[in-house]
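These notes open a run of structures that come right after.
One chain, chain A, appears in both complexes that follow, with chain B as partner in the first and chain C in the second.
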Partner chain A sequence: MSSPRIQDLESQPWAGRTRRYDIIKEGTIALLVVTLLTIAASMFFGSPDEKQLTFKSWAVTAPADFYQTAAHEIAGSSESAGYGAPYNSASDGVNVGPLHLAKIFGVSHPVNSVNDFVVTPLSTQVNTPEVSAALKTWNVSDLKMQQGWASKYDDALTKANGDQAKIPAGALADFGPVPAMIGGLLTMAQSGSLDAVLLSQGNYFQFDNTKQTLFMGDGNYFNDQSTASHLQGDTWGMMNETGRYPGQAWLWLYSFWYQIPPFNNGDQHPFGANADAYIMVIMGLLSAGLVFMPFIPGIRSLPRRIPIHRLIWKQYYKQENL
Partner chain B sequence: MSNSEKELWTAKLRGAWQRNLPIEKLLPDTQPAYVASWIYTFGVLTLSSLGVIIASGVVLAFEGPSWYHVSNVGHFVNSLHFWSVQFFFIFMVIHLWGKFWMAAWRGRRMATWMTGGIAFVASIATAFTGYLVQTNFDSQWISFEAKDGFNSVGVGAWFTVTNLGQMLLLHVAFLPLILGVLTILHVLLVRAKGVVPPIDAFDTEKKAKGARK
Partner chain C sequence: MGIFGHFMNFKAVYLHWGWLQISVTNLLIILSMVAIFLLALTLPFPQDKENQK
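And then the complex of A and B:
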């Protein structure tokens, strides 16, 4: 760092040689250049716009995956059902050492996978007599009974690799109304009405897609599409874009941490399993480091030690014999 | 100016403004001779990109978030918005590196550097919310992935990336306002403090050595 005397001198208005400068002309030319560059890039390359996924496309394209995911939801075994804050209190969520920042604000956006994803959507429909009867049975049963049916069916379906045909017919009595309810939900999704119902949840105006996103994220369909588009976190996903377009390249440092140990091993404690929290903290500190760089000893001296400035002010140093 | 006038906040602000940023500094017609490198153009190129971003963004805002999916003109305006953001970041990063190697915070210009640094972070947040409101597959996936990061530190309780309404408002109103204020402040500081002189420009020992050569 410079001495206070030099800092004083560096802060004074420049008294040395000057040259003519037209700031308005410079700004106008720059704006023109950037506008033309942008128009040219837009004309030649366009921009990405891969169609959004819907519950209809999921249920029609991958009905078995939708069906099994719905079974996980009603049994409470899906990822979102066990997520923790801010959606529920099923788990503590991730932590940074002793700090459980994830649950600091509690359950601020309550999501009940059984009711929000299955029971409430079905209740809004005019169902077949079989589904109506199943729903009625579900609603008049106690929680223990509901959980027993749902868990048994979820387990049986998982054992059968999602293939309902492989579940022994004799076991059906153990599942109560659950198979009929999930069948009804599949039909509803295939017709396209689940998309609207999940968003509205009985309201007219709605802007929050949290429930849809969580439900869709619990299945393989959504994940498989993102893998095919190279958008997964372990392939620098956050900075990629669909197609052959540049994405958020400025997030490279954030994505970088997910590619290296110990953060790229999701099972490893304490870092891999809590990578999201650790990386957010690291990026927060690095961002603060960028802002406060003039005050960080060592780093603030790098420009003086590595003489790239000699290239920038080459002409000045030459003229001044410096 | 009378003593009672000097006590007026308005008079004090006007005085401070005139002392620190007279019109000659705000709209200069000369500049130090050492400002003679292509690296100096990246600041104004960043600002120009921001201008194109705002112009294309205003058109997109007037037409609504779904317009560009169904209209060729809309898709073209979306492309202008998309590419101006890409150029904005390219120019800004080059500008930032250039200023780092100049140690541009010297001569009590820390506030200039810091407003630039905060503006860089605010730009990332603004662009990020823009990617979330594309209402296509990319925005679906980004919201799904990003929620884990924000939830992991508790921020997800009030910054809900899966809430399209919230992200849209932040993207078109709150964050541009923050970024706009930071940008104006940054530019005013650059004009008020002047362009940082070369490293060693006031090192008399080195200058004397240079003169003896």
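And then the complex of A and C:
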């Protein structure tokens, strides 16, 4: 609460000097200057021109990584397959204490990694006889059988560090049609058709790249590119841009929390594993503090205690002997 | 692409101090913002100069 004297001062009409001020004129000049600066900056610096990452470039550049990621997808062991809401119900998702934020809003954007990333794309193609037969076997089998094949193959491939040649030939019978399906998907990706098929699994006008981002994000190729461009969260990536372009410097505080304990402790710590949710809450509270600053005792008195405004209007305070 | 577009798409230079990591470009932008703020604090208003006459 303000003291009675300050309340009295605040309720009185302004008795000091006034001068004319044309805010429309000033706004127009500011808009014009910023527009000219923007045009000049775009003429001189252009915009980031990073080469697009595609499934074709992934499958051609890092076929083993693509193959193993596809095996994770069909087995449901990928990161996106176990993410939880809003994509699936495989887990409770990130939490703040007892509050599971994403789960509260439910599965609003369903993604089935087996069908969306493997089976449906393969079904749109004219495949080789081997892949067609494998797909037919998969489609007529029950869920338990499908999961058994896919999990066994995923485990075997992981043990062999992604190298199919190291998987004992005698074990192939345990994997059913899965190796042929993954091989078909790799061929499809290398030809470039997987990019188009994944993009077309939606509306007529397709601007939703969620599925592509999830699939690509499950592999190492996408992550390696992000690391090389300093775009990972643990290297202030939120603030950065590709090349030498400036990034979102105003997100420094948001990005800052990811660099310090307990939020930088990865998945080993409850705070690290749920850093996104905790940091969102912290930033929400800080933003609310900024919005409601005039109502927070102590904070709202800072301009009086640290009178920076007197520096800006120093001439006025000098003339008025204030 | 821009006149300096080719140069801007080169690999960026990053500075490290412990857990702090920042690109030279971001550092320049932040220093420019601080400099503009300090100028706004210290430079007199054009109107003030007229009043002084």
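Keep this in mind: the second predicted complex is superposed on the first by the 279 of 322 C-alpha atoms of A that agree within 3 Å, B and C clash if a C-alpha of one lies under 4 Å from a C-alpha of the other, contacts with A are read in each partner's own complex, and residues count from 1 in each chain.
Criterion: a contact is a pair of C-beta atoms (placed from the backbone, for glycine too) under 8 Å apart; a residue touches a chain by one contact, two chains touch by 3 or more.
All values derive from a computational prediction rather than experimental measurement.
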| item | value |
| --- | --- |
| Partner chain in contact with A:286 - chain B first, chain C second, else both or neither | neither |
| Partner chain(s) touched by A:259 [first = chain B, second = chain C, both, neither] | second |
| More chain A residues in contact - chain B or chain C | B |
| First (chain B), second (chain C), both or neither touched by A:20 | first |
| Chain B versus chain C as contact partner of A:30, first or second or both or neither | first |
| First (chain B), second (chain C), both or neither touched by A:294 | first |
| Contacts of A:236 with chain B and chain C, given as first, second, both or neither | second |
| First, second, both or neither for A:46, with chain B first and chain C second | both |
| Touching partner for A:312 - first (chain B), second (chain C), both, neither | both |
| Which superposed partner A:244 touches (first chain B, second chain C, both, neither) | second |
| Where chain A meets both chain C and chain B, residue numbers | 19, 42-43, 45-50, 241-242, 245-247, 249, 308, 312, 314-316, 319 |
| Chain A to chain B touching residues, read off their complex | 2, 6-7, 9-14, 16-24, 26-27, 30-31, 33-35, 37-39, 41-43, 45-53, 85-86, 93-94, 96, 101-106, 108-109, 207-210, 213-214, 216-217, 222, 225-226, 229, 231, 233, 237-238, 241-242, 245-251, 274, 276-277, 279-281, 284, 287, 290-295, 300, 302-304, 306, 308-309, 312-317, 319-322 |
| Chain C partner contacts - residues on chain A that touch it in the complex | 19, 42-50, 230, 235-236, 239-247, 249, 252, 259-260, 264, 308, 311-312, 314-316, 319 |
| Residues of chain C that touch chain A when the two form their complex | 1-5, 7-14, 19-26, 28-30, 33, 40-42, 44-45, 47-48, 51-52 |
| Residues of chain B defined as touching chain A within the complex | 27-37, 39, 41, 44-45, 47-49, 51-52, 68-69, 75-76, 78-84, 86-87, 89, 93, 98, 100-103, 105-110, 113-114, 117-118, 120-121, 123-124, 127-128, 131, 134-158, 160, 162-166, 168, 193-203, 206-207, 210-211, 213 |
